[in-house]
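Each structure below appears as structure tokens.
Shared between the two complexes below is subunit A, which pairs with subunit B and subunit C, respectively.
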Partner chain A sequence: MDMGLLGQFIVNGMMLGMMYALVAVGFTLFFGVLDVIKFSHGDVLMVGTFAGFSTYLGLGAIGIDNAFVQLVGVLVVAIASMALLGAIIARYLVLPLKSAPPLNTLLVTLMLGTVLREAIRLFYPDGSNPKRFPALLPTDSWTIGSFNLRADSVILLVGGLLVIVGVHVLINRTRLGMAIRAVAQDEETAKCMGINFKMIVLLTFGLGSAVAAFAGVMNGLYYNEINFGMGLLLGVIGFSAAIIGGLGNIYGAILGGFIFAALQTLGAVALPFASAYKDVFAFAVVIALIAWRPTGLIAEKTSERV
Partner chain B sequence: MGILRKSTAPLLTLAITAALGTGVANAKDTVKVAFIGPLTGGVSAVGVGGRNSAELAVQLRNADPDAKYEYELVTQDSECKPNVGVQIATKVAADRSVIGLVGHYCSAVAMGAVDIYHRFNLPMSVWGAVLPDVTYGNDYKEIHRVNGTMINQNEVAAKFMTDQGYKTWVIIHDTTDYGKGHDKYFSEYLTENGGEILADFGVPADQQDFTAELTKAKQLNPDVIYFGGLTPLGVRIRAQMDKLGIESQFQGVSGIKSDSFIDGTGELAEGVVSFLEGAPLEKLPGGQFFSEKYKAAGFTESEEAYGPFAFSAMNLILDGIEEVGPNRKALTEYLGNIQDHDSVVGKISFDDHGQNTVAAITPYVIQDGKWVVWEDSEYADGTRKLAGL
Partner chain C sequence: MTQSLKDKLIILLLAALGAAFLVTFIAIEEQAEIFALLVFAGVLIIASAKLGLTDKISQSLSRNERLLNLSSIAAMLVVIFWFHEDHFPLLMIATVLLYVVACCGLNMQFGYTGVVNFAGAAFFGVGCYTAAVLGGTGTPLLLVIALGGVMAAIVGSILIIPVLRTRGHYAAVVTIAFGLLFRTFLEVNDTLGGPQGLPVSGMNLFGWDFNSNIQITENIEFSFYMNYVILALIMVILTFILMRRIERSWIGLNFDAVRLDETAAACYGINIKRWKILSFTLGNFLAGIAGALFAMMLGFIAPSNFAFSDSLILVSIVLLGGMGSIWGTILAAGLVVLLPEKLQVIQEYRFLLYAVVMILILLFRPQGVLPRNLRSYIPGWRG
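Then we have the complex of A and B:
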């Protein structure tokens, strides 16, 4: 295999990995503060992408056709609305079930995911068909041999990286982050220290959902196609990535996302049999990894087994 | 009181029976017919177009004063998922008041459902599924199909593309019966016509990312990328080809011949080719009649590629019920003897497997955001050129 081709596979894999990592970060944040698994996460991502897409259509309808303004509008609306949706889900579905078994939260959010998915399919105009997401980023490309690098892919990768660094800084360097970490470590003590527990939970769910919305818009910009079912597999993969990395640990989630993408790419490229089995291969390795390290590759300091 | 009641009660009963009796005699008996297709999910645009067309056939029949029965259409959504399809097929077939069925766009669903129709003796006609095995894989006399199969489609497609001068192909197909069938027949006819297949990828029908497969394809640098599958995947593959800078011609099958493929791919749709059984609507014997009636009925969705077939299949079932009465066995027998039956898609003649033998295949190309019949396009007269020619 020549170097150009190898480079191409690496860029493809990085792109996938970035998206998975962004989704996984949400799962791990939610688990960190409340020890719950919010299965509607992938569908929140999808709703965010559709919110962004609607914004694009709306901006087009009122005559704004500057790609940069459109992009900013799409991102702001998608991120803000999903942060709100995430907080609402936390307030009305997750917090009331706080003292119930975790399985209940998992089931409730799993069902909520189906509701969101079906709502877009049935109530969004022509929602059951794939939609063409606009290319709002410059599409210049550089070709070196068999290696083709597009400006939009580079911008998306850098954007994803900035979001991850942003979340890292927020968690580790700000008062809000300190509060989130305090709640994650010990809810009761955090409350005693005067931390508004409920507010922190809502903010964390808002943050995780906002990151998912960003991943959704990124997905739309990269593939130029969105559909009501896009969140389903992304949710499952993001969840698996968070588990491999170690639920509750942000670096674990990022690592897990990239591992999963690498496995998928490897499955499609290097295995002798048809690429039809690449997901089977990737998930089989995930099962093996979980069996080997049940608490994840980078476990929480005080780990709880799920 | 006692005496009065004794004498009046039978009288009243008689009067009521008489009143009811005349009421029934004046109205026509209601007969149920059913339609099954994917009304939600990725290929629902085609399904809804088919349902509207079948409904149109029923509406027109009910408006006809000469019709012997009043028809009621039962519609069910298969979601293009075999497991859902089998459930609703059983539901429809088990309802003895349903006499005939027009069903299935998705071959994978049809394959699971035909056994059920046979078991319940429900006569049916397929309106869109193209896998040969739906009719040829069994001896069930209940199963018929008004549209052609993918055998004819790929035979024409392979010859057409090699005639254009293309030499090498990479095939991507979904791993359902539908995609695998296309892969099998296209490969067979392509080799016969001297084309070379450089690689063949099977992919799950819900895959999002094709960059790994396409990067491999790019390395092989084929003249054509052939895709055997339905619209949602087709849209993704076409869009991702562009991301990776692949300049090969994109060739689809009947499964992407829908307006939603063009909506999904935008400018990238230009020059994509696909093949479809039957002639285009405006060239069909009853095409003009069909599109006028369809418009007049006020449906908001397009009839899509297979609408005329759904309309013809439903009409055929209704013709049968008019002729032999609302009886499943009699209708099956009636359908078994169909030869040169007039319909908007041309004459229908069933062979001994219930397959319509008329199989005109029309090549289409997307030009300026519309599916255009190849012969009428600027690509045919040389004004525009397909990729790589």
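Then we have the complex of A and C:
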């Protein structure tokens, strides 16, 4: 195969993997602290991207057209608003159903996802059509042989990596992270040790949603197009990635995200008949992987055996 | 007046009231009138609940189940014959009936055995596409309907291993992934029509063409949808009998045991896998036959009919009616299908509204509108 094309596939796959990993980290954080699946995660990502897009339009309207300032504005607004939205969802929808059957939490968040999706479609100006997301990053590129490396791809990849490392440091090196890990291990004991359980849950949901918002903006910057339905697919893929890696395990989520992206890229490259089947292939592999390792490649520590 | 006579009168009155309500609801077109009728019905229901009438009525109902079922069918027939020459109302009624069949299938999975299935629309779609592919080949069309169900069950069996090995969230993601996979597959597969979809030939029973109007006499002509409505009603009745029989049999008992506590059920020697497979397959079969007839009735199908949001609507119906409650499913299917058709205002916003209503239901009345009662083995038995 042509080296340039191969390089292109690799960069594209890495980018997809980074996005999936960021979404999967959110799922795994929520599952860690509360043992729940928040299915609206993908749609929160979408809303975050639209919030960022609106910020861009707003900044343009008041006459700020410096790309760097715009980028910072978009990121800050998207991340902050989604962190808030995540915490609100946790406070009013997830925590009240804490003692209900897990299916109810799943359904409530699925329905919330629909509400967010439909709200954007119906109430955002011209929301049912795809929007053109601005290219705010430098558009230089380096040519190595026949391979063309774009600067914005590199910046996005490094940015995604920094966020993942940041989350990792936050979880493993700070007092807040210690509290999150404590709650994830044992809620009762954590409470006895004086940890404000509710606050930690809200912060975790905020953190996960903020990471998702970053992934959404990243998606917008990379593809230069956003639409109201992008969250559903990214959410399901992120969830699958978190499950492939093993829920509750951050490394598993990252691994799962990259595995899924690799499968999709492989599907597009290797399947001779049509790359149109790449999503079909990827989902089929997810189903097969779950059938093979029901609790993920890095298994949950406790499991009930009968 | 004796108690039993009173019960019977109450039921007949209710059936008459229900038929009258449905006829008015479907017949009127003016948005304000429809809204007024709904508010009136809502006030009536809330008032009777406050006055304690609902409890009394439900006791009467449970004592006379056979009469209740028969009078419901009679009421339904009255409604159908009232609209015998109007295409659109009959189409709506048939859609509701087929949704009831499909949702009964989902109910068997969610409500009886606790197997989650978020790909209901996909199995419905398998039935539709079976009808589309086999419709032109000269296969007897009643057989095609059955084959639609069988195909759905076979396609579902691909998912059996992942569904059996997983629970809760994990099983949910398997079915969601399958639902998305199914739609993507249809959109890229050219032999099945791709995104444009496929035409479906209409039902034809022993040379009796379902797609032409029925001429009874000079003046009386039945709409061709009448055929489909009657066939759908027969399917609903059969499904209802199947669901009730299963619920009251040892099979239903095993289903409930599996749902309530897998570990305990396994300890008592119940083969969890067997019952999960049975309910999953049977549920998909029901969704498949409903889909096959639906496709013949519409005459045209496309992948966009089987999106993830359609699966969520099917789940919403089950949830709104109450897990495991058949009457609840019937009521909820009626509400979910008819309301947006009649109230044009909400047509555009229906997904949003359903989702909001579902969130409220889950937060404040998780058992649904008509919760499933304790199983009664002998109709009318007071224990």
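One rule holds in what follows: the second predicted complex is superposed on the first by the 299 of 306 C-alpha atoms of A that agree within 3 Å, B and C clash if a C-alpha of one lies under 4 Å from a C-alpha of the other, contacts with A are read in each partner's own complex, and residues count from 1 in each chain.
By definition in this document, contacts are C-beta pairs under 8 Å (C-beta built on N, C-alpha and C of every residue); 3 or more make two chains touch, one makes a residue touch a chain.
Remember, predicted model here, so these are calculated numbers, not experimental data.
The superposition on subunit A brings subunit B into a clash with subunit C.
Once chain A of one complex is fitted onto chain A of the other, the partner contacts of A:Asn66 are absent, as it touches neither subunit B nor subunit C. By the touch criterion defined above, A:Ala291 reaches subunit C but does not reach subunit B. Using the contact criterion defined above for the overlaid structures, shared-chain residue A:Asp279 touches subunit B and also reaches subunit C.
Judged by the touch definition given at the top, the superposed model places A:Leu122 against both subunit B and subunit C. In the superposition on chain A, no contact is made by A:Asn172 with either subunit B or subunit C. Of the two partner chains, subunit C is the only one touched by A:Leu103; subunit B is not. In the superposition on chain A, A:Leu233 makes contact with both subunit B and subunit C. Stretch 77-85 is the one of subunit B that runs into subunit C, the other listed stretches 23-31, 77-85, 239-247 or 257-265 having no clashing C-alpha atoms.
In the superposition on chain A, subunit A positions 122, 233, 274, 276, 279 are in contact with subunit B in one complex as well as with subunit C in the other.
The touching residues of subunit B, when paired with subunit A in their complex, are 40-42, 44-45, 175, 200-204, 206-209, 211-213, 215-216, 218-219, 231-232, 235-236, 239-240, 243-245, 260, 263-266. Residue ranges of subunit C in contact with subunit A, taken from their complex: 114, 116, 118, 159, 161-162, 165-166, 168-170, 172-174, 176-178, 180-181, 184-185, 188, 262-263, 266-267, 308-309, 312, 315-316, 319, 348-349, 351-352, 354-356, 358-359, 362-363, 366.
Touching subunit B in their complex are the following residues of subunit A: 5, 8-9, 12, 15-16, 121-122, 126, 128-132, 141, 143, 146, 148, 150, 153, 222-225, 227, 229-230, 233-234, 264-265, 268-269, 274-276, 278-279. Those residues of subunit A lying in contact with subunit C across their complex are 31, 37, 93, 96-97, 100, 102-104, 106-108, 110-112, 114-115, 118-119, 122, 232-233, 236, 239-240, 243, 247, 274, 276-277, 279-280, 283-284, 286-288, 290-291, 294-295, 304, 306.
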